[in-house]
Structures are given as structure tokens and as C-alpha cells.
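Note that the chains take the letters A, B and C in the order they are written out, and that residue 1 is the start of every chain.
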């Protein structure tokens, strides 16, 4: 049952540091993230978990003055190498944001956006991809009659599943989720958690969450961040029931948040 | 594949950068050509002598006298008249729209102000010629073609600028100022002139200066109503000339040295307006920093 | 004491209301007066007819075409360049010295008076580049004149597009240009269009800059290398030289109708743009 030991490593962080100008956000992060499992990153606000997540697909590059040191390996290749294909990286490592951000287009065009920009033009192929992605995101039945309506007309939970489907359409291997349910109601949250559990069989998922119960429900591996350092990292069940570090125990029992 | 894509993105960035430079190149070229073409004039007639010269008398054959004082006085007068009329009207209108008028009224006003701004200057000039000039002639005597006519028409023309920029400045004042004043028992009017308008002061000043700049730069409307007599006027009912108007009217028959003189006049105009606009920008930025 | 304050307020508000009325009245007086004189003379025959006797009689078709040629050519030059500059300034640069310099120059360009544009257009395009009195010379001059307007409004429209659209696109593996062309520009389109309409209004209404560059020949243009006479110039000549009062009224009316349509279109578009974005602020 120990995903941690049995599965191959998909992503490895080695002595990874992140700076926003003079401010250091991440200190010497060492982590091995297993393939086809859900790894949850928890910790209080501002502890660096989102910064780390955004480093995994180099979305941090968009911020002015960002510097890193160390390595982040995806399938053995350092993604911060000079010659890294950023576009390919982002296609392969997809991201779902805290607030659903569908484009102001139809449902169909939202899903088809990814494949289209990567060169797929044939209508029949796009149709198949759209249906398949929406099926995978458990949204097909709800939108199959509204494919050409604006995506903004969907409910919050549906929009988030749409964003996941949009992501799946470009066939990534890794899914990064930045508090995907924090803007949603409990029922939608439940649906999305179900979805994420299904997806883990085919994708490596790394999820930032504020919700400890969610982390317990959903993840197999847990990483606890505090003030830019990775305090504890290992199988979820073990950390939740028997944390190795005092700080972890304090956070889990609500002594600080 | 990767290299091709990188090259394409780089090329696009370079192309876009070039378009951004067009404005820069444009200003530089304008400066070079307008000042360049006017330079011989200053060399021959001297900078201070021309700026102080009281007679503007281009002569097609023979000695011309190119004193800029009538032009500068004329420009100054019409701009001053326009400002005296348009500033109270415009700022008052802006206050009314931003603070007093109901939402419905102020929303209806916006298209009206935009329309005023969009009317071509020749149409203003035409109106001035047909309606305003005869009215002034009937009321005050004289030719009717006068600096007064120029000032009135310009006032209407710069009204939209003053209204729009002032209104923005007034609306930008934080609601908390207004609420604090009203909570202390001040009336709405007291709140307006003691709190809101002073807070919006720099924006309003910027609006006025922009309006003045526009008035100075206007050509067609003033040509059609000021009479274009290049003498120093004795009253606002006299005809006169402006820097812009001189260029506009004499262009058609100017040649050689005269043309160079007109470029020199253009240079003076350019410098004046750049100065005024720079002041407005500085004031606007200082206000925004607050 | 309180009654005095209330009196003062009533007087002040009355005065302010009067300023609004005066502003509105000046607009109405001008428009109504011009329409009264010109509308009776507007007929299809007039609009499509050729002028005779130097404009004393006949129609104004060549001047309408002159304005349209000038408008089209100027837009074809100004819009791509203005769009490109705005995209570069808003999407590609960080805050830096270079951006400040470009913005400073663009603001300065906006302040140049139209007659100085005319002088420049004449000395640079007509004479130096040897383009002679032509629609092209006029269009190049006008394009330069409206460039700051287009850049400014496009930049505003681009800045209003929320960042999370850009992030969503980039996270899917799109390139920067794909994101701009497929997501940002379409979302900013109404705002950009408003700016273009404003520029059109300025071009249609401009006289001084074209006076010195397009020549003023009263014929039907067939190429951009030919001179032309736009309606504004025609109005100036008819009225200024006292050639035809009715012709002047009619031309002024056509001009007013033109800018009226453009202004109202810009207002409508501007309102739909604003209301679209109110929903986005969450």
C-alpha cells in the first residue's frame, strides 16, 4: 500500500530554491513525487506551497525578478535547463487554478483551444477530443447539449470541471491543481474530488490545498510546507496519524493555521 | 520545431517593437523638418528681433518685415478669451455631472459632450462665420470679424476637453472624503467646494491646461472668424491674427522666404504647445501619485 | 445660519445647472442651425453629383470620395501600427526606461497641433519623399496624427483583459503570440474598435493637416497618388471664399451626419465594453 516506495518517481526536486527578487520563498526543497498518485501540498498561507507548484510548470517565470537555484527533474530531465521547451513542458504539465477561468468562448471552443494551438485542425478529430475530455472530466452528460453555448453560463463547479477537461484535451502527464475547490460549494467539491481520484490512475496529480480533510480524503502522499521549507514529506496516512515533526503535528491539530 | 517556433515568436516581438518606435521616429522627424525648414528664417532675421517685431508684412517682391508680436498677441488674446469663458463653464459642468446631476442626466450628457468634441473645426468656423460674426457686428459694431468671435468659438471647442478631464478628476476623489464631510454636517455644496474640488485640483488644472493647449493649436475655426489682419489689435472687437491662422491663410500664396517664415512660426507654435503639454503631464502625474 | 447655507447651495446648484444647459444649448444651436440650412439641399442627386463651376453648383460626390479615400488609407496605415505598438507596450515589456521613453514620445505626438502636422506632412511627404500633393501624403500625415489615439485606447482595452485569461492559455502550452491573438485581442476587441471609431471621427473632421498635403483638386480620385479634396477642405473653400452658401451648408450637414454616426457608434460600443467588464471584476 505504500505508493511512496513502490511507484516510480515522476518529478524530483533537488536542492531547489526560489527567490522573488531579494525575498527567498523556497529553501532547499528535496522531494520525490511518485507517478500516478495524488500528492497533496499543505501548509499555512504564504508558506511557499503555491510557489513550488507554479515552479513545476515554470509559470513562475512570468513574474518579474524570479530566480531559482537547484534542479527540478521531470522524468529525469531538469526543466530549468536553458534549452527546455517551455511550450512542451506546459503541455505536459497542466494546471488548474483556484478560480475557474474558462475563456469567453463556447464550451466546445474552450476544450478545442489546446489541441488547436498545438496544430490539430481536423473537425472530426477535435470533436472526438472534446467528447473524450469532457467524459474524462465527468462533464459530458451535463454539457453535451450546450457545447456551443458560452462557457461562462455554466455553474462554478461545472466551470472548474471544464477547466480540467480543457487541460486533459492536451494530453498532459502531470496535473497541477492550485486549491481547485476553494471557490466551490460542497457538492461541486465532492464531485471534483471524485474526479481527481479517478484521474489518478492515469495522471500524476499534485494538489495544493488548505483543506486538511480533503488532503486526507484524496491524497496518497503529503508534503507539509512552512515558511518556505518542506518540513515533512511522506505517505499521507502515516503523517496524518503519526506526524514525525512537532511542527506538523501542531498544524494538523489546528494549533496554528 | 522548437527552434522554428522560437524564431517566430522572436520575429513577432521585433516587429511589434518596430511599430512602437514609429511614434518616437515621428516626433523626431517632425522636430527635424519643421525646425529645419524654419531655421534659415531665424538666421536671417534674428530670434529676438523677430519675436519682438511689431509688424508682420510679407511682401511678394521686395523687403518683407516679419515681426511676430501681432501673431503672438492674437493667439494669446483668443486663448485668454476662450479660457475665461470655457473654464468656469467647463469645470462647473463637470462638477454638475459628477456630483449633482442624476445618473440618467449624466449618462445622457456623455454622448452630447462626445459629439461636441467630434464636430469638425471647419464646421465650428463655418457656424462662427455665418452666425457669430454678424451677431457681434450688430451688437458691438465694427467688422464682426474679431478676436472676440475667435475666443467664443474656441471656448465651445475646448469645452469638451475641460469637461471630460475635470469630470474624471472629480469622480476619482475617494468617496470617503465626501462621506466624512457630510457626516460632519456639511451641506452637499459645502462638501463640493471645500473637499471634493480641492482634492481634484491637480486634475482640474491639468484639464484647463490641456484646453489651453488645444485652443492655441486650433487653426481652421479661428481663420474663419478673426479677420486675419496682421496688426496688433487695440480691443477684442478688432480683427487680429494668430500663429496658427497666419500659417493657414498665407500658405496658399507664400513662396520662398515667406514659406520659410511660416515654418518658423510653426516652430514657435510647436515649442509653445510642447511646453504647455509637458506642464500638464507633470501636473497630472503629480496628482496621480497622491 | 442653516438657511443661509441652504440658500447658498440652491444658488450654486442653479448656476451649475445653467452651465450644463449652456453646454447642451451650444451643441444644439450649432447642429440645428447647420441642419436647417443644409438638409433641404441634400438629395441623392446632390450627394452623387459632380460639382460644376468650381463648386457653385452641382453635387459633392468627388469630395465625399476624397474623404473616403483619405479615411481608408489613413486607417490602413494607423491601425496596424497603433495596434502593434499598444500590444508591444502592454504585453511584451516590463516597466523600464525604454517603455517610459516610448510613452513620453507618444504623448508628445498627441500634443502636436494639426497645422504643424500639415507643415511636416508637406515638407517631408510631399517634398522630401517626393510623394507630391496626394491622398498618400495626406494619409501618411493623418495616420501619424491619430496614432496616439489608437495606441492609447488599445492599451486601455488590452489592460482591461484580466490576467487569468492569459495564465489559463499559457498553462495549456500556448505561446505568447497565440495567447495574444486568440484570447487577448478578441476579448479587447470592443474597446479597440471604440478607439478606431474615435480616430475615424478625427480623420473625417480634419482640415489643417490635409490642407497642406492633399492639394485640393476638385476631381474624382482614382489612385492614392492623386490629389483630392475632402469635404472639410471643400467646406472651407466654399465658405471662406464665399463661393456657395448653400453648398457650404450642405457639405457641413453631410460632415455632421458622418461624425454623428461615428460618435454614436463609439458610445454604444463603449457602453457594451464597460458593462462586459463589470462582470469581470470578481
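Heads up, the rule we're going with is that a contact is a pair of C-beta atoms (placed from the backbone, for glycine too) under 8 Å apart; a residue touches a chain by one contact, two chains touch by 3 or more.
None of the values given here were measured: they were computed from a predicted structure.
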Q) Compared with chain A, which chain's mean CA position is the farthest off? A) B
Q) Which chain has its Cα centroid closest to the overall Cα centroid? A) C
Q | Inter-chain centre distance, chain A versus chain C - centres from mean C-alpha coordinates, in Å | A | 48
Q: Mind checking the centre-to-centre distance between chain A and chain B? Centres are C-alpha means, answer in whole Å.
A: 56
(Q) Can you work out the whole-Å distance between the CA centroids of chain B and chain C? (A) 17
Q | For chain B, residues contacting two or more additional chains | A | 5
**Q.** For chain C, residues contacting two or more additional chains
**A.** 175
Q: Note the residues in chain A that touch 2 or more other chains, in rising order.
A: 87-88
Q: Please give the residue numbers of chain B that touch chain C in the complex, ascending.
A: 5, 8-9, 12-13, 15-24, 26-27, 29-30, 33-34, 36-37, 88-90, 92-93, 95-97, 100-101, 105, 109-116, 118-127, 129-131, 156, 159, 163, 187-190, 192-193, 213, 216-220, 223-224, 244, 247-248, 251, 262-263, 266, 269-270, 273-274, 277, 281
Q) In their shared complex, at which residues does chain C touch chain A? A) 94, 164-165, 167-175, 178, 182-183, 186-187
**Q.** chain C partner contacts - residues on chain A that touch it in the complex
**A.** 57, 59, 62, 64, 87-92, 94-95, 97, 99, 101-104, 113-114, 117-118, 163, 166-167, 170
Q: Spell out the part of chain C that touches chain B in their complex, as residue ranges.
A: 5-6, 8-9, 12-13, 15-17, 19-20, 22-24, 26-27, 30-31, 33-34, 37, 80-85, 87-89, 92, 101-102, 105-109, 111-120, 123-124, 128, 144, 147-148, 151, 175-177, 201, 204-208, 211-212, 232, 235-236, 239-240, 245, 248, 252, 255-256, 259-260, 262-264, 266-267
